[in-house]
Every structure is written in structure tokens, then in C-alpha cells.
Amino acid sequence: MNDIETTWLERPDALNDPVLIEGLPGVGNVGKLAADHLISELDAEKVAVIHSKHFPPQVLMHEDGTVRLVNNEVYVWRNPDGGSDLVILIGDYQGLTAQGQYELAHGLLDIMDELDISQFYTLGGYGTGQILEDVRVLGAATETALVEKMEKHGVEFSQDEPGGGIVGASGLLLGLGKARGLQGICLMGETSGYLVDPRSARALLEILDALFTLDLDFSDLETRAEQMDKLTQQLRDLEQHAEGPTEDELQYIG
Amino acid sequence: MNDIETTWLERPDALNDPVLIEGLPGVGNVGKLAADHLISELDAEKVAVIHSKHFPPQVLMHEDGTVRLVNNEVYVWRNPDGGSDLVILIGDYQGLTAQGQYELAHGLLDIMDELDISQFYTLGGYGTGQILEDVRVLGAATETALVEKMEKHGVEFSQDEPGGGIVGASGLLLGLGKARGLQGICLMGETSGYLVDPRSARALLEILDALFTLDLDFSDLETRAEQMDKLTQQLRDLEQHAEGPTEDELQYIG
Amino acid sequence: MNDIETTWLERPDALNDPVLIEGLPGVGNVGKLAADHLISELDAEKVAVIHSKHFPPQVLMHEDGTVRLVNNEVYVWRNPDGGSDLVILIGDYQGLTAQGQYELAHGLLDIMDELDISQFYTLGGYGTGQILEDVRVLGAATETALVEKMEKHGVEFSQDEPGGGIVGASGLLLGLGKARGLQGICLMGETSGYLVDPRSARALLEILDALFTLDLDFSDLETRAEQMDKLTQQLRDLEQHAEGPTEDELQYIG
Amino acid sequence: MNDIETTWLERPDALNDPVLIEGLPGVGNVGKLAADHLISELDAEKVAVIHSKHFPPQVLMHEDGTVRLVNNEVYVWRNPDGGSDLVILIGDYQGLTAQGQYELAHGLLDIMDELDISQFYTLGGYGTGQILEDVRVLGAATETALVEKMEKHGVEFSQDEPGGGIVGASGLLLGLGKARGLQGICLMGETSGYLVDPRSARALLEILDALFTLDLDFSDLETRAEQMDKLTQQLRDLEQHAEGPTEDELQYIG
């Protein structure tokens, strides 16, 4: 077995000006929520499955009692209006080790090469440690022209945010993609970091919606966001009465 | 030295419709207890020993003062009644790292390939955190036909149990075996997770007993289960008087 | 991708009696501060960038919103007065694992070989756990002639300091460089280990300044040292009033 | 760089019935103390140095201010009386990871192969958690004939001691050596596990002394043992007055 194995269900050919969008698990699961919603709303088609020794040795249960190995998956949405086709990467996990992260990022860049993709967006959350009313979207990019383009869409760029840079797949794809001459943008939705955050995911998707004229329906995300609002309120009420759940407990809610 | 070394004491040939049964250490040691009991009751023959750099650097003591390297072992039981021959995998450890788990699982699937085995059962425990009176057996499988077959034997399948999927060899063999076109079933006996649990192991074996008409004697397991019952009662008594042992301490009892 | 990738922006040729100076992050960031200051004061030129799977999967933000992958960098300063040219290694990180440290050290020794460098200085901090008024510079070397040479510059050598030897790149380069017949000296500035320590960095640079007649300006480092003095004083005041910040918190100040 | 590099200072030829003795750091540093004392008393000659990426990235200080990379070392003592020549392995560290332990053990078995060594003794401590008056020596071996031989020298063999088997180089060499057809014996001196234990080391050496008629002088070890006795007594006195040092602190004494 190779360290990374990509199985193509259908090798997509002749993609039109394709753009990759990556949304793997991370802070507030913002990137994953956004990419999952995108696939569901666009009814994108699964074309490849990626397995790796760098993921945990784990299977997940299907509804029918069968299992599937944890993985990353590649979906394709062919734009009916002649705009960019979207290739979307989602997954159960990022690589477990630093070395695994590097190898998986290179594996994904190889797939982009194979599909003639030269532009990509990586989606993630930016943990502020506070539950916020308004969600800013922070950005990072491989070149200044992309920074200027995204600023017009309300994305904020700052050397001090995120202060420690970007750790994980979203950042690494930019760093390694830049060296390969690709154009990459990282969009990070502000989030407390304690709870799965559908509203932060929506903030990212609104930008992609505008960029690619996707006309997305956000009602599912909004319903989920309202559920999280209620939960947040309950937690705040609890805090006023007692010590409340610890941060550790909060991380498993949602 | 290769990462995994399989030494054949005797290469079994012409196995009749062979089925592999895996029982490695894990939650409540349920799988290992069951497989050990199976080997002992069927008087199965050891045919191979597996060593690996993915196991701890450790030897265990024999009664006579000599040692053996920690390992996994393969046993064969030839069914005298013309039914399926059983190939049983037991061991001291699972792989220490995620990558080691993947490599060992592939190594075992290679052995199954070599012995023309296309069906397998993996045995494990499902930790509930509570000491239960009745033991359910939960299942997972590589295909729905197997789910239906096992439901007839009282195995329960649910997307929500185990909630986080199955971690370790029992799950991984299903995930990787499915990709190789093998038929695999994982049986998980409910157990508190605090104590070695012979009764949970028995619940798994009763299903295998019915499936393969093994006519197993469970008296040894029952004796051990009763010893654990007494220990459990003593622990409960202690809890009522004092704070009792911590969960950490409980994990080393039995 | 190789485990270590060195990208030459400009391969420096015909260096005059070149000496390498290594200053990577470590205790009190002393080595990194010193090497950064050296590059800035000498206006040295960046000639190579080193990326590796042994670094964290992380990018850092530029001021303009673009990112760069964490790395190590090689700078060259050509001595206008006919003395030794300096090759300076700085970086964001050392290798994350023991094995990564060994591979990166060998990679750097290969670069030294390529540039015909046979002498080098490694810079680091020696954590004393106390905030000190006077900073000693401790040393270690690949051969006794170098010990004698450095003692004349006030460097102290002792078998008992550092007691546990030298861990990380600064020590490893000496150990591995010695086996390749190179002449290496490690300079360690005393530091509390709690705070970034510009004064300890200055103590190291004063020795290099004397050795290579660099005529360095220390005003920037001094300003920063005074800021740290104020911070230290504030922390002392705090300690007298309350329990003060924990050591963990202090490690992130500066 | 290979994962393990053995540098021969002098390749010993024509050894007479050679026996290897391994004494690396471990519980109570018993094995290392014993092997160090053996080398010093026999005035054995250093013939090889082993470096490895599996050791920490660390150098140690010499008295003269120079450094050496942490390593393992091989010494040879040629028996003037026609008995077995001894090849002694000592070192600063064992391998840091399970995989490193396996690779280093194979490396050492390769050296034994090269030097035509078919018998070996591994030395270690057996931590009892208690400070004992009398020191038993526990044993393990690759074959029963060796068990019987050692029992005549007062070595005790028991399946229950050490209960968890033997972890690390001393055990692994037995396990892997047995598979290569070598004759190996592990000797473990009882020790509290809290303090460096020269008296436990002496107990091991007395057995080797009798086996190989070495006529060792134990006065150095005895002096050191008496120092440790005093320290132990001081610690006991402290315990009666106050809470005393924690086990963690004790581990760094000696």
C-alpha cells in the first residue's frame, strides 16, 4: 500500500476553467461545514476517494450497518452557465503528523496538476476564543493581486491575524502551491473555536457565492446556526448559575 | 529486518472454505479473550508467528525462564464435519502507531490472500462506560447481505453505535478488506471498558458457535466471568464506603 | 517531495574563507535574535531557502496578505575588507523530531560542503532559570585549539555547563560536523529561559564582532533589551502583589 | 546518513570464544553501571562507536570543552588466561522509539555476527518500587539449558517476574537473538527504581565474575553504593519530618 492512495470513480475530463475548493475539518469545523454545504447545494458528483496511512486507523458506520474507511473525497460540479467548474475536496480528517500533512498536501497538488487546476480556495476557521455577533472573513493568498481581488469582496488581510500564521492543510496548500506557481486563496471565518459554527461557514460561502454566481440556498445552514445559537444561549445561562461545562466539554458539542 | 515478518511453522494447504477470525487486544480485551478461548476449546494448531517493528520492543516470560518476542499468531482449526475451517489470529498487541496499524492490517490481508480466505470476522469490545447486566452484540460489515445475515443471529446494527466508528484492527480490516473485495463482519460485545470482560467475550462466541456449529464449552469463560462479578461487587461495595479506586486503577484489574 | 528541499536563489561562488553562523530558535530565542540582528546589520543577502517535512505544516503571513511556508534561510555577507565572508543560517523552526533534527543537520553540513565552508559557529541560549544581571557566554567546540582561542575572547568552557549537554541543532552540528572534520564552535548566552533575551544575543554578537571585525551597531538590540527590562520589572512588581503569571504565560511574552 | 552508523576504530580479529555483554541505560541505571565498571576494571579497549538517528539530537561535554555526539560504544577485553574474550556494549541512550529499538537491536546482532559472537549477556535493573536490603538477581534466557546454568549461580527465574516481561534493549536482544540461533541471558538486579543503584550493579557483576573468573575489584562500586546509602538515609529522615521529595525528584538524584 502506498502512503496515499487515490481511487478515481470517474476521471473528470475537459473541465472548464476549474477551481478547487478545499474544506477539511479544523477550528469550528468551518471549512468542512462550508464545503459539505456546497456539495449538497450544488449536487456535486463524487469522482475520487483518497485513503492514507496518515489518517487514523478507523472506519465510520453507514446507516445500513456497513462501514467505510475514513478518507478525503473529491467532488466535481460542472457549471451550467459556462463559468468555472468547481472541484471540491472534503474529508473526515487531516493528516495526523506534520510529515503526513506535507505528503497529503503534495498529493492534492498532484491531483490539481492532473486536472489542470491552477486556482484554488482553502476554507477554514479562525478561532478567537470569544462568541462573536459579527463574523469577519480573514484571508491569505499566494500573490498580492489575489489579495486585492478578495478585499473587494470584504475579506480582511492582516499580518497579525492569524498571529501564528495558518497551521494545517489550508495554509500548507497555499505555501506549497505558491512554489508550484498556483494561485491560492485561504478564507478563514471568525469563530469562537468552541462550537461547530454554521454561521461562520455561511460567511465563507457568501463570498464564493458572489465570486462564482452560485445562487446558493443557505436555509439549511441557517437552521443549524439557529440551533447552535440556542445551545450557546443555554450554555451562557448555565455559566451564570454554575461553573458551566469546561472548554473541553464544549469542544464535543455540536 | 522488514517492518513485518511472518514466519510459517507450517504452511496450511487445502483449507476448506476457510474463514478468518481476528481477536487482538482492545476494549475490555473482549476480542482477545474470545479468540484465545476459541483456540483453546478447538485445540487449534499454531501455523505462523508475526513479528513487527510496529509492536513494542518487549519480550514476555515463559514458565521455564525463557522468553518470546511479543507477536501476533495465526492458528488453524480443520473442521472435522466438513464445514468451514477456521484460521484464528490472536496477539499480544496491535500496532503502536496509525501507520503501523495500516501496515499490519495489509499484512494480515496478504496472509488471507495467500490462504485463499475471502470471509472474516473481527472481534472486539464496545465500551459503554457502565457495568451492564445484559450484553448486546453490535455489528458492522462490508456489505448489506452480511448485515441481514447477522441480524438473524441477534447482532444489532446502528449508525450511531459505535458513535465514533471503529478504531483499530477490527475496523481497519473491514475498511481495507472491503476494498479488496472480501466479506468481513465486525462483532463488538458491550462491555464497561473498565475490566477484562469474559461475559462479553462469551456473547461473541455464542454467535460464532451457532454460525459454525462449534459446540463450544463455555465453562472456563463462565468461571472467569464469575470471578470478575465478585470483583465488580467488591468494587461497588468499596465505592459506597469510600471514593473507591479511580478509573485508571480499574483498568489494571483483571 | 524530498524530506529536505533547498532552493537556491543565487548560488554564491568564490566565497573568501567562508564561515557559517547558525542561529535557529531555541532557549530565549538567543541564537535566532543574534543571527537576525547580524543579517540586518550587515545587510546580508538571501541566497537559499530550505523547506522540509520535518518542519510544522504551517505558513506565516506577510504584511501584504500573502504567505510563505515556514523555512530555514541562508544569507551571505561578503566581507569588504578581505576578511572571512559570512554565511548565516536562520529559520522559523528546528526539526520537530529527533530523526528530523539529524536529517536537517546533515542537510546543512552538505550545504557547507557545497560552499567549501570548514568553520562554523552555532548560537544558542543557556537557560539558567534565573533572571541575571550579567550574562556569561558558555562555549563548546569540536577541538581543543578552538577552545583555547575562544577562552581568549572570554568564553567559558566547563564540563558541567550545560549539564545535560547541548540538545538540538547547535549541538548536533558540532557532533556531526566533527565527524566530517569541520571546525565548529557553539556559543551559548546565559538567559533566564522565560523571556526572549536580546541582551544575551548581544553578548554572543560582541564575540563575533571582535572575531570578524564587524563593527556592529547594537542600538536596536539595546532598545529591545530595555523594553524587556521594563517588562521584567513589571513582572517582578506583579509577583510582589499577587501570584503573577505562570511560567507558561511568561514563555509567550516578548 | 544511514539510520545507524558503526565506526570501527579497530576491527578486532581472532577473538577467543567471544561473549558480548550489553549494559545500556535503564531502570536504576543498573546495566550501564555494571558495564561501565567492567570496562574500567578490565581496562577494556574501545573498538567501535555507534551513532544513530534513533538517539536524541544531543552532544555531551568533555572536560576540555570539546563535545561528542551521544552514542553507543563497543569495547573489547582479551582474556589473558585463555578464557572467553569479552565484547562490552555501553551507551548514553537506548533508541527513542519502538521502531528505533528494533533497528538498533538488529544492528547490534549484525555486529555480533561480524565478530562471530554466539553468546551474550544483557544487563538491567528490575524496579520493585521499594528500597531493599538484599538484592536478588532475576534472569531470562533464550533456552532452558541456559536457565539451568544460571540457576546454579543463584539467578532466579520466574514467569511472574518481571510481570510485564522485559521492555527495551535487554529483552529485545534476547527475543531477536533467539530467532537468529544465538544464546542469550538477561540478568536483572532488583532495585528500587528511584535511585542509581551501584549495589544492584555489583550483584550482576558478581555473577559475571564467577562465570568468567574476572577477579573484579568492587571497591569503587562499594564506595558509590555507600554514598547512595547515605543519600537514601537522608531521604528517609526527610520523609519523617516533611512530605519529602516526590518520586519525580528522586529520579534525578544520583
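First chain written, first letter: the chains are A, B, C and D, and each begins at residue 1.
In this section, a contact is a pair of C-beta atoms (placed from the backbone, for glycine too) under 8 Å apart; a residue touches a chain by one contact, two chains touch by 3 or more.
This structure is a prediction, so every number in the text was calculated from the model and none was measured.
Shared contact partners of chain B and chain D: not a single chain qualifies. In the contact between chain C and chain D, the residue numbers used by both copies make up under half of all numbers at that interface. Among the remaining chains, the Cα-based centre furthest from that of chain B is the centre of C.
In the Cα superposition of chain A onto chain C, the rotation angle, rounded to steps of 5, is 90 degrees.
Between the Cα centres of chain C and chain D there is a gap of 37 Å. Mean C-alpha position of chain B lies 53 Å from that of chain C. With touch defined as above, chain B holds no residue shared between interfaces to two or more other chains.
Pairs of chains meeting the touch criterion are A-B, A-C, B-D, C-D.
Those residues of chain C lying in contact with chain D across their complex are 95, 98-99, 101-103, 105-106, 139-144, 147, 157-162, 164-169, 171-172, 174-176, 178-179, 186. On the chain D side of its complex with chain C, the touching residues are 1, 7, 51, 53-70, 96.
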